[in-house]
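Handing you this structure, nothing more for now.
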Amino acid sequence: MGAAPNDNTGKKGISRQFMYLLTVLAILLPLVFPVGMPVSVTPWVEKGYQHVEKLNPGDKVLISFDYSASGAADIHPAAEAIFKHLMDKDVKVITVAFVAEGNRFPGMLMSAWEEQGKVYGEDFIHLGFLSGHETGLAALFADIPGAAPVDSRGNPVTSYPIMDGVKTVADCKMFIGLSGGNPGPQQYVRQLEPYQGVEIFTACTAAIAPTVEPYLASGQIVGLVGGLKGAAEYETVMGYAGKASANMDAQSFAHLLVIGFIVAGNIIHFTSKKNEGN
Amino acid sequence: MRTEVPVAIAVISGFIILIAHFFNIAPIQAAATHLQDWGILIAAFAIVVSAANLLMVHIGRLSNQREEAWKKVNSVIVIGLFLATAVTGVISRDHHVFNWLYDRIMLPLGVTFVSMNMFYLVTAAFRAFRAQSLEASLLLGAGIIVLLGNAPVVEAFVPWFSKAATWVMGAPNMAAQRGLMIGAAIGAVQTGLRVICGLDRSYL
Amino acid sequence: MLPEGRLFEFLYLIIIGFTMFYYSNQAKKGKVPKIARLPALDAVDEAVGRCAEMGKPLFFTVGSSEITDASTAQTLAGLTLMKYVATLAARYDVPMWVVNRYGATHVVAMDVVKQGYLEAGRPEAFKPEQVLFFSSEQFAYAAGCAGIMHREQVGAAFMVGQFMAEALYLAESAAALDCISIAGTARATQLHFFVAACDYTLIAEEIFVISAYLTQDPAQLGMVRGGDICKVIATILIAVGAISASLGSDIISSIISK
Amino acid sequence: MSTDLGIWLSALLSLAAFSFLIKENKFYNIAESAFIGVGTGYAFVMAWSNIQSKGFGQIAQGDYLTIVPVLLGLCLFGKMSKSTAWIGRYPAAMLMGMGSAIAIRGAVQSELVRQIAATCVPLNSVNNIIVVVGTLATVSYFLFSMKSTGSQLSGGINALSKLGRWVMMVSFGAAFANATMQRCAQLIDRLRFLFEEWIYLIR
């Protein structure tokens, strides 16, 4: 496209470095001094929360951690909030990862809860990483101890009390997919099709959240937490202000800053053009 | 011979994959599966060759008398960390040094570089979003609506913006994305066909 | 014999192949189509010339382009331009830095650049140590690219191929320099970053006509014509499909899913 | 402040990377070299484990056909010297042929046919009309050989393709702005690491 050649930002009015500095401040200040701006809750986060709320103590839930380090900023806060909700309700959690890098995240959550008295193998278990993306998904859903014979700590999964009576995914009440792309909501829905009765709840990056819309409308997915904002909404419904809520202030300021720069850019552009005309 | 045989290899392997996709012929499909496994294996060798290439460049720098000392320091860092990672990783993918290098160098740097995109987004927006022409104004208008619609604080006070943003993403944006994909798909198919029909040999 | 849902795909592929050869032959016989101007490609010569005038090197990368997966077509488009730019660089004696992310792409790119120098008649000017591989780790590669651009103070940056999250990073690293940036990708989710940050952008399908446009080879121009016919067919299918869907018939959708 | 040496290393490398925003400098150069060194090492380890499991491992199990790709892979080393570079063309050509076929397959299936099918929607709402007309206009922008012929038809196509450009501009603006959310989350995450885990500023 024949856009006008660069006017290098540095030359006109505001230097790059100054803009970078303002960006850091716009994000850092609200993190240090949280304002607690209101967060409006979207219906699909509310619905997802309600479905988790309906679970009984002792029910089992399967969570897959399908995001890598670069997606973690967007999804991990949601994972933390949902995990906390499940722990508060005494639900038993089985975790797995279909993305190699996702393997690190369940352990991070679990060790924090172990310090608070939860027991690995009774309250939760991590089955480790399974390769093959969608084929891995299909294999695990059909036969959990078969596809993942040993857990992430190297012991046979059948040796843990939490795995008693767990054969297929149908023995879990809910599947929660935390996705940074592939596998994602589409793959979850497709592979869980044969197991009616297992509810699907998903948290994904803001970028892919719009693609989940059709599944929500059709009822195949019961709830959606989209990106960092979704996590803040989930924290709001749960009634506590965690990391995501504090991050929301920063995100708001950053958005307003970008708009401010765009406005400033236009003002500088048009005033300098006027001056050239004179 | 030095061009004809490679072209023949490209044509044959390309057609095997395509035929296997469109027709249920068991032996061809088996061949295609084999071929794709071979592809992964050859690509793995290509990484080894490329890594060797990188090492050669840096070793060359170290042995070059006229090279600046500073560049030599960096070459030592590249070679040293490459060897540390490669050797410990080959011994065991779960080696504690290998994991440490991953957790303390590769992962944090990866996340840091990704996060620098936010700064670049700010400067790019500052330059590009200017109402210089009708086209640029459309870019600007759509951008501002989505920015306002996504800012959590705006959404809490003026929910209308969020709906407008969702609409822009869903209707005009979707239309453009589809149009782009359809056009690009036809171009991609032509480009691919030229290779597997042996017409394009520029890669040799 | 065709698995379900593949019939229409196969038909469309045959149509694309047929129109490509038919119009290519027509063009060879003298019916050469005229192609709309692409400012981004017109700027390529100027960009290399400017590097020569200012005594600055140029930078080229095809991004996250592989030659073993679905991005291969974009890789080829990028490599075509790479060879053309290499020829110009050799002719004007402009040092050319090339960085590749993937190993397999790297081994091919080494040859492509060398071939470009050979075609310019200056094979001795080719320096293999200026075609670099910086790990397949996405941002290690991107960091290396940015480092080279700034250390060498390049006068032109070419980024054509498949790009992922590194698109904005590379484009802005170039924009911070006094250099002409020419970019292009068919990846719809990154294209807007190039449009916003680069001087010239090849939008989506435009990268696939690079070779025809730069060489003005009749056979290839004919192929572009053939592609246009296929796009017209696509628009007719959509228009008829949408109208018939409004009238309550799903005839087109059912044909397409055959 | 943290007393963990690993956190210090990560934090200092992060700062060195950020310093590029001010100017390319020696600290950035170190971070870049460290990243390239470890990154290439990591890629090598992944490649090596593939070569072992899909190559030598298969041969050891009696699958002698695998010797072919291993030999082709070894041919790539020919590229390292000028006189033997030509033998590297055989494996490269094979990859190119395969890759091209995979690209064709993917483009026809998920980009061409599926997108056409998805656009055949009834024109019963403003949104659907915008999607259909917008898609047609965008496609017409790429009719390279029909835009500048000067005929009456090309006049119509030119008008439609202009509309296509406008639709694309709206899309580019919207998509760019939409990316702010995720990019912002990533920077928040990084600043949190620096100011929460390294120096305890955020409490």
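Note that the chains are named A, B, C and D in the order they appear, and that numbering of residues resets to 1 at the start of each chain.
Throughout what follows, a residue touches a chain if its C-beta (ideal position, glycine included) is under 8 Å from a C-beta of that chain, and two chains touch if they have at least 3 such contacts.
Predicted, not measured: the structure shown is a model, and the values here were computed from it.
Engineer: Looking at every pair of chains, which has the largest contact count?
Structural biologist: After counting contacts between each pair of chains, the winner is B-D.
Engineer: Could you tell me which chain lies farthest from chain B when each chain's centre is the average position of its Cα atoms?
Structural biologist: Looking at centroid distances, A is the chain farthest away.
Engineer: Find the geometric centre of each of chain A and chain D from their Cα atoms only, then give the gap between the two centres in Å, rounded to an integer.
Structural biologist: Spacing between the chain centres: roughly 22 Å.
Engineer: Would you mind pulling out the distance in Å between where the CA atoms of chain B average out and where those of chain C do?
Structural biologist: About 14 Å, centre to centre.
Engineer: Averaging only over C-alpha atoms, locate the centres of chain B and chain D and give their separation in whole Å.
Structural biologist: 2
Engineer: In angstrom, rounded to a whole number, how far apart do the mean CA points of chain A and chain C lie?
Structural biologist: Roughly 34 Å separates the two chain centres.
Engineer: Could you check chain D for residues that touch two or more other chains and list them?
Structural biologist: 17, 20-21, 29, 31-32, 35-36, 38-40, 42-43, 47, 76, 79, 89, 92, 95-96, 98-100, 102-105, 107-108, 112, 116, 119, 132, 135-136, 139, 142, 168, 171-173, 175-176, 178-181, 184, 186-187, 189-190
Engineer: Provide the list of chain B residues touching at least two other chains, using ranges where the numbers run on.
Structural biologist: 21, 39-40, 42-43, 46-49, 51, 53-54, 106, 109-111, 113-119, 121, 123-125, 127-129, 139-140, 143-144, 147, 150, 169-170, 177, 180-184, 186-189, 191-193, 195, 203-204
Engineer: Would you give the residues of chain C that are in contact with at least 2 other chains, written as numbers and ranges?
Structural biologist: Residues 9, 13, 66-68, 72-73, 76, 103-104, 107-108, 111, 133-137, 139-140, 143, 165, 168, 175-176, 189, 191, 193, 195-196, 203-205, 209, 227, 231, 234.
Engineer: Spell out the residues on chain A that touch chain B in their complex, using ranges where they run on.
Structural biologist: Residues 4, 6-7, 9, 14, 16, 19-20, 23, 37-40, 69-70, 72-73, 206, 210, 229, 232, 248, 251-252, 254-259, 261-262, 264-266, 269.
Engineer: Quick one: in the complex, what on chain B touches chain A?
Structural biologist: Spelled out, the residues of chain B in touch with chain A are 107, 110-111, 114-115, 118-119, 121-123, 125-127, 129-132, 140, 143-144, 147-148, 150-156, 159, 166, 169-170.
Engineer: Can you list the residues on chain B that touch chain D in the complex?
Structural biologist: Residue list for chain B touching chain D: 2-3, 5-7, 9-18, 21, 34-49, 51-54, 56, 70, 74-75, 77-86, 89-90, 93, 98, 100-106, 108-119, 121, 124-125, 128-129, 134-136, 138-147, 150, 165, 167-189, 191-193, 195-196, 203-204.
Engineer: Spell out the part of chain A that touches chain D in their complex, as residue ranges.
Structural biologist: 16-17, 20, 23-24, 27-28, 31-32, 70, 72-74, 205-207, 227-229, 243, 247, 250-251, 254-255, 258
Engineer: Touching chain D in the complex: which residues of chain C?
Structural biologist: Going by the criterion above, the answer is residues 8-9, 12-13, 33-37, 66-73, 75-76, 103-104, 107-108, 110-111, 114, 133-137, 139-141, 143-144, 146-147, 150-151, 168, 189, 191-193, 195-196, 203-206, 209, 221, 224-225, 227-228, 231-232, 234-235, 237-239, 241-246, 248, 250, 252-253, 256-257.
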